[in-house]
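As written, the chains take the letters A, B, C and D, and residue 1 is the first residue of each chain.
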Amino acid sequence: MLHALPLAESLAETTTSLSGWLTGLFSGTAPEPGASSSAAGIIVASVLKATVIVLIVQIGMLYATWGERKIIGRMQDRLGPNRVGLFGLAQPFADMIKMLTKEDITPTAAHKWVYNLGAILVVPPAIIGFAVVALDRNLIAADLSIGALFFFAIGSTAVMPIFMAGWGSRNKYALLGAMRAVAQVVSYEIPQVLSIVGVLLLAGTLSMNGLIHSQGPIGDAFPGVWFILLQPIGFVIFLLATTAEIERTPFDIPEAESEIIAGYHTEYAGIKFGLFYLALYFVTISASAVGAILFLGGWQPPFAFLAGIPGWIWMTAKTLALVFVFMWLRGTLPRLRVDQLMAFAWKVLVPISLVNLMVTGLLAKLVAGRAPLMVFGAFTVANVAMVALLIWLVAGWRRFNAARQITFERPAVQAVGAALRRGAA
Amino acid sequence: MSNLSASLVQFSPELILVIGAAVLLTVDLVSNGREAGQNAIGLGTILLALVATFWLWPGGLFTADGGLFATYIDGALVRPGAFVSDGFTHFFRMISLVSTGLVWVSGVTFMRGRTPFRGEFGAFLLFCATAMNLMAGANDLILVLVAIEFLSITSYVLTGFLRENARSNEAGLKYFLYGSITSAAMIFGLTYLFGATGTTSLPLIAEAVRSPDNLLIKDLSGVIIPSLLLVLAGLGFKIALVPFHQWAPDAYEGAPTPVTSFLSVGPKAAGMAVLLRMFFSAFDAPLLTPHWIGLIGLLAGATMILGNLAALGQTDIKRLMAYSSIAQAGYMLVGVASFGATTMGNLTALGTVVLYILAYIFTNIGLFACIIAVDHATGDSRVDAYDGLMRRAPLLAVAMVVFFLSLVGVPPLAGFIGKFAVFSAAVTTNHTTLAVLGVLTGVIAAVYYFRVVRAMFFRPAPDGAAPIRISPSASFVIWACLAMTILIGVLPGTFVRVARDAAAAVHATGADAAAVDAGH
Amino acid sequence: MMEMLAFGLVAGVAVGGAIGVVAARNVFVSALWLVLSFIGVAGIYAILGADFLAATQVLIYVGAISVLILFAVMLTHHVMGDERSNNRQAFLAFIVSSSVVAALGVLAYRTDWPIRPADAGGSVVTAMRGDLAGSSAASTAAQTGASTALTSTVDLALNQDSNVVRLGQALMTEHLLSFEIISLVLLVALIGAIVIARD
Amino acid sequence: MEASIPLWWYLLVAAALFGTGLFGALSRRNAVGVLMGIELMLNGANINAVAFWRYIAVPSGAGLNGMDGQVFAIMVIALAAAEAAVGLALIISIYRNRQSVLVEDFSTMRG
């Protein structure tokens, strides 16, 4: 919306339809309307792009495990892996070999098909999400017109393998873990999606490149600034909800080892356990990448004069920054209790994101067509007001709670309260 | 882009209902389950919506404007609205609001103490009324679908509302399962209607169906009749027509009695409204109408026979009333099958159905108010519980006899006027078989109603049975329904005129389309 | 040819999944087949060019409704046991449903559907384009974007951007009332489910 | 694209899903199984709606978007979600009272 008009036209030539993508997989015909290059060229380009992206992500995943252990180690005043290779850099490969050579166990009581499929199917949703992640202007496997929605739709299917793993194991801890995980993922999906609707509303498109275009100095479209500046509340909610979505601490109740062993992957060992691990880091990276695209301008440099640096460097840096935030959260915060976790999603995040969405919609309508500075100013004022309101509400709620506790602790006050209640009745 | 503000004014009864329901829910939430004027809010909402309806009613047709929420570009209509606010809509709005209000009043005492969620119960009744209003004016297949499902979902919840009560649960689940299967079939049929005509807007469908150059004209009955059959599954479920009626006895018996009372009138009337508007305005084409008339006639006959015969063996009065109300739906369908008739006071076939519904609503709600009162006092809904009711509660016994007589169709009562209208319409369109069948099955109905009457008057009350106290709210409903039942019977003229005007609205849109047809 | 292959694949997944649903002896496994079938249906939407709907199908059916069903299975069922899953009317049901399929199939094949000429995708829309662009009374946020997308010269029936935009616009203009009511229905379902199922 | 796949293929798939769902709904003993059958029926209807949206000519005067089929499908998806929520709540509530979800066990009311 707003100034998105020329954008929509330019994107019409580049974005792909799902059907084009799907049939293209089989036919090799050009999926993009208006694309002039030969079919063979396009398919080669697609395969190349996909290969490059998967390779980058694979290596990224391996080193994310290393990075996480290093970072958490430092935070806990330890060294982290430092034996295999320089700074322990070969550690991920050693771990991989260990995983692959471990015995592949299937419990006798397990439902064979469901148990094994559960482990296998946990990976595809984690990988398919990368199809719409734009590492650079052209380094995107499929710039679908519904890119952002596609990502979250694929992400929502990730609950199925969890259910299968939990049920197929025939282990009550696994089942409990699966039910917790699914309840958590489904609940946090709502604030997660609601938090990005504000962004989508401002950009007026669901296409990933379109979203990036609309928030960079190079893109000619509205609003031209990173959405984190216009949607800071949305960003924070997105971050929190995503942490829960990918089941990382402090929202890792499904695998809370002190309560239910290892949750839904209690019964898995060797490479099948490795697959869960793999998927966890895949989604951490893809969620960070999407966060970078939605809120941090993707491959766009922050300022126009930095446009000389290639887009993929910006994108990688932003993604890694968000990955670091997830690790930081893990190193800092203790785990929530399961009821606190659900209450936090439904009673805190959902209402806030709804209010944020309403305010965003209203403002977008009001400032339509105004100068960028005015837009930015209006959003800043609104965001500051919303945060202030939130702080005031939280403080009030805490005061209220404190007061109530005092009331119940003092017998005299309690008696008066009871008398008052009798009078009222 | 649209006539939004004008539409909102025309839409005010529904807006009032939704706002009222929201206020009711909020007040109930804040008051923590205590009595905080929930009844006043609910009844006030219904009353306000009723006032709005009556205020809008003389405004006449809004259809000329393309209906509510029509889409315009530069003042030109590009798409008719999804909702029309015409005389027909107003009539059914009144029916839905009055029946909801009466059910609310008659159920107030009953629900007290039986569920902690009385605020939600009231809000759901209001939502039901909203859904029925929407069904009355829906002029687009999508809105028809949404409104029907809205009513279905609210009624499933209301039926299973007493969650500690296994029978209520069971009734709710059965209602839900039957309802979902039939509505899935209906949705499938609706997609075929969409495919055959390319649009979901009823006026445009009417145009497509009547246009002689429609590609489908040669095998219209080949697609549209099977899809209408599927649609009839969904509507027939709401109305409780015979092949789709199996849910009714169980749902009626298990549901909280006020909900039973509501189920026997609300969804039935609203389902009939949708059916009438669809068949009489959208699917009235020379090549099409004879086919569905035959279909409806068949359903009408089956419904009257099976409903009445099955009622004979019932020992539970709620079950008995379920079969009775199935049979009543059959009588209504006789009017639908008499398409093209003109009888008493220029009443068209559509008008006779509308008149029948008007008569039926008051009779049935009154009867159920009595059943609720007895059920509330005795906790028993078997026919045996009515032994010696004449001695325990003379008002209830006498009122019930009047209502039964009205349902059978005994002269100076409302039911007689309805039946007379419907059957005379059937006779003028050569559906004499249906009319004869209707009269004969009416005799069967008299037999099973008489069993209840005999229990009330000629059997002794069980030892130590105390007189039944009737709450003022219940007696208000009973008296009001008695008055209306007798009034419609004694002074039918006004009501015939109301029915005729309501019917004229649908005929007007049909006539427009016919004019288009003639122009080709 | 190739898209027929793609169609065959997704249709096979959809129907195969459906058959799995009714053939599986265990309710949980049944539900897993149901998920497969939903994904196949999403594929069919994608081939038909309804991308938004395909994603919605995955998001709602796979991500929400299946989860609800699985939760209900787990909360109400002896979780692992296989059982006789069909009732005594299964044979009758089979006759009825296979004749329904046959009848509908014949109906679908024999009917001369009013198919739109291949090149005139969204002809009505094309006709309205100019008017829409000139209209200043755009009342919703979606419309502003939509009107410009519509003025561009791309083929409206095939272009996905305009498809998504047009869907949004349709929901906010022609189907506004249904859209508002559906949200009410969801609210009512939410309250109803809580009233009935809460401990 | 529409040239190669005839419309009736889609309609046939839709009919197959509808029929399979109908069989499931009529024959399953478990109430959740019945619900799954209902969902399949709704999916069949949705395929119809979207296929018609893609193929069928829009009559003049039917608005400027021609998206009725997709809107229909979206509404059905939302309704299915609402229906599933209420239905499963009813199933859970009856399970609490009866310790059973088999439809044939729900027969306290007869006549």
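Definition applied: a residue touches a chain if its C-beta (ideal position, glycine included) is under 8 Å from a C-beta of that chain, and two chains touch if they have at least 3 such contacts.
The structure presented is a predicted model; accordingly, all values stated were derived computationally and were not measured.
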Third chains touching both chain C and chain A: none
B-D against B-C, pair bridged by the larger set of C-beta contacts: B-D
Whole-Å gap between the CA centroids of chain B and chain D: 25
Inter-chain centre distance, chain B versus chain C - centres from mean C-alpha coordinates, in Å: 31
Between chain B and chain A, distance of the C-alpha-averaged centres to the nearest whole Å: 49
Junction residues of chain A, two or more chains touched: 19, 23
Junction residues of chain B, two or more chains touched: 71, 73, 78-79, 142, 146, 149, 153, 156-157, 160, 163, 172, 192, 195, 197-198
Numbers and ranges of chain D residues touching at least 2 other chains: 1, 11, 14, 18, 21-22, 26, 35, 37, 46, 51-52, 56-58, 62-64, 68, 71, 75, 79, 82-83, 86, 90-91, 93, 103
Touch-based graph of the chains, sorted into line, ring, star, complete or other: other
Footprint of chain D on chain B - complex, ascending: 71, 73, 77-80, 141-142, 145-146, 149, 152-153, 156-157, 160, 163-164, 166-167, 169-174, 176-177, 180-181, 184-185, 187-188, 190-192, 194-195, 197-201, 204, 207-208, 249-250, 253-254, 313-316, 319
Parts of chain C lying in touch with chain D, wherever the complex brings them together: 1, 3-4, 7, 11, 14-15, 18-19, 21-22, 27, 30-31, 34, 37-38, 41, 44-45, 47-50, 52-53, 56-57, 60-61, 64-65, 68-69, 71-73, 75-77, 83-87, 89-90, 92-94, 96-98, 100-101, 104-105, 108-109, 111, 113-118, 120, 122-125, 128, 132, 158, 166-167, 169-171, 173-175, 178, 182, 185-186, 188-190, 192-194, 196-197
For the chain A and chain C complex, residues of the former touching the latter: 1-2, 4-5, 8-9, 11-12, 15-19, 22-23, 25-29, 33-34, 111, 114, 144-146, 149-150, 152-154, 156-157, 159-160, 163-164, 167, 170, 175, 179, 182-183, 186, 189, 201, 204-207, 361, 364-365, 368
Complex interface listing, chain D residues touching chain B: 11, 14, 18, 21-22, 25-26, 31, 34-35, 37-38, 41-42, 44-46, 48-49, 51-52, 56-59, 61-64, 68-69, 71-72, 75-76, 79, 82-83, 86-87, 90-91, 93-94, 97-98, 103, 106, 108-109, 111
Residues of chain B that touch chain C when the two form their complex: 1-2, 4, 18, 25, 68-69, 71, 73-74, 76, 78-79, 81-83, 117, 120, 123-124, 127, 130, 134, 140, 142-143, 146-147, 149-150, 153-154, 156-157, 160-161, 163, 172, 192, 195-198, 214-216, 218-219, 222-223, 226
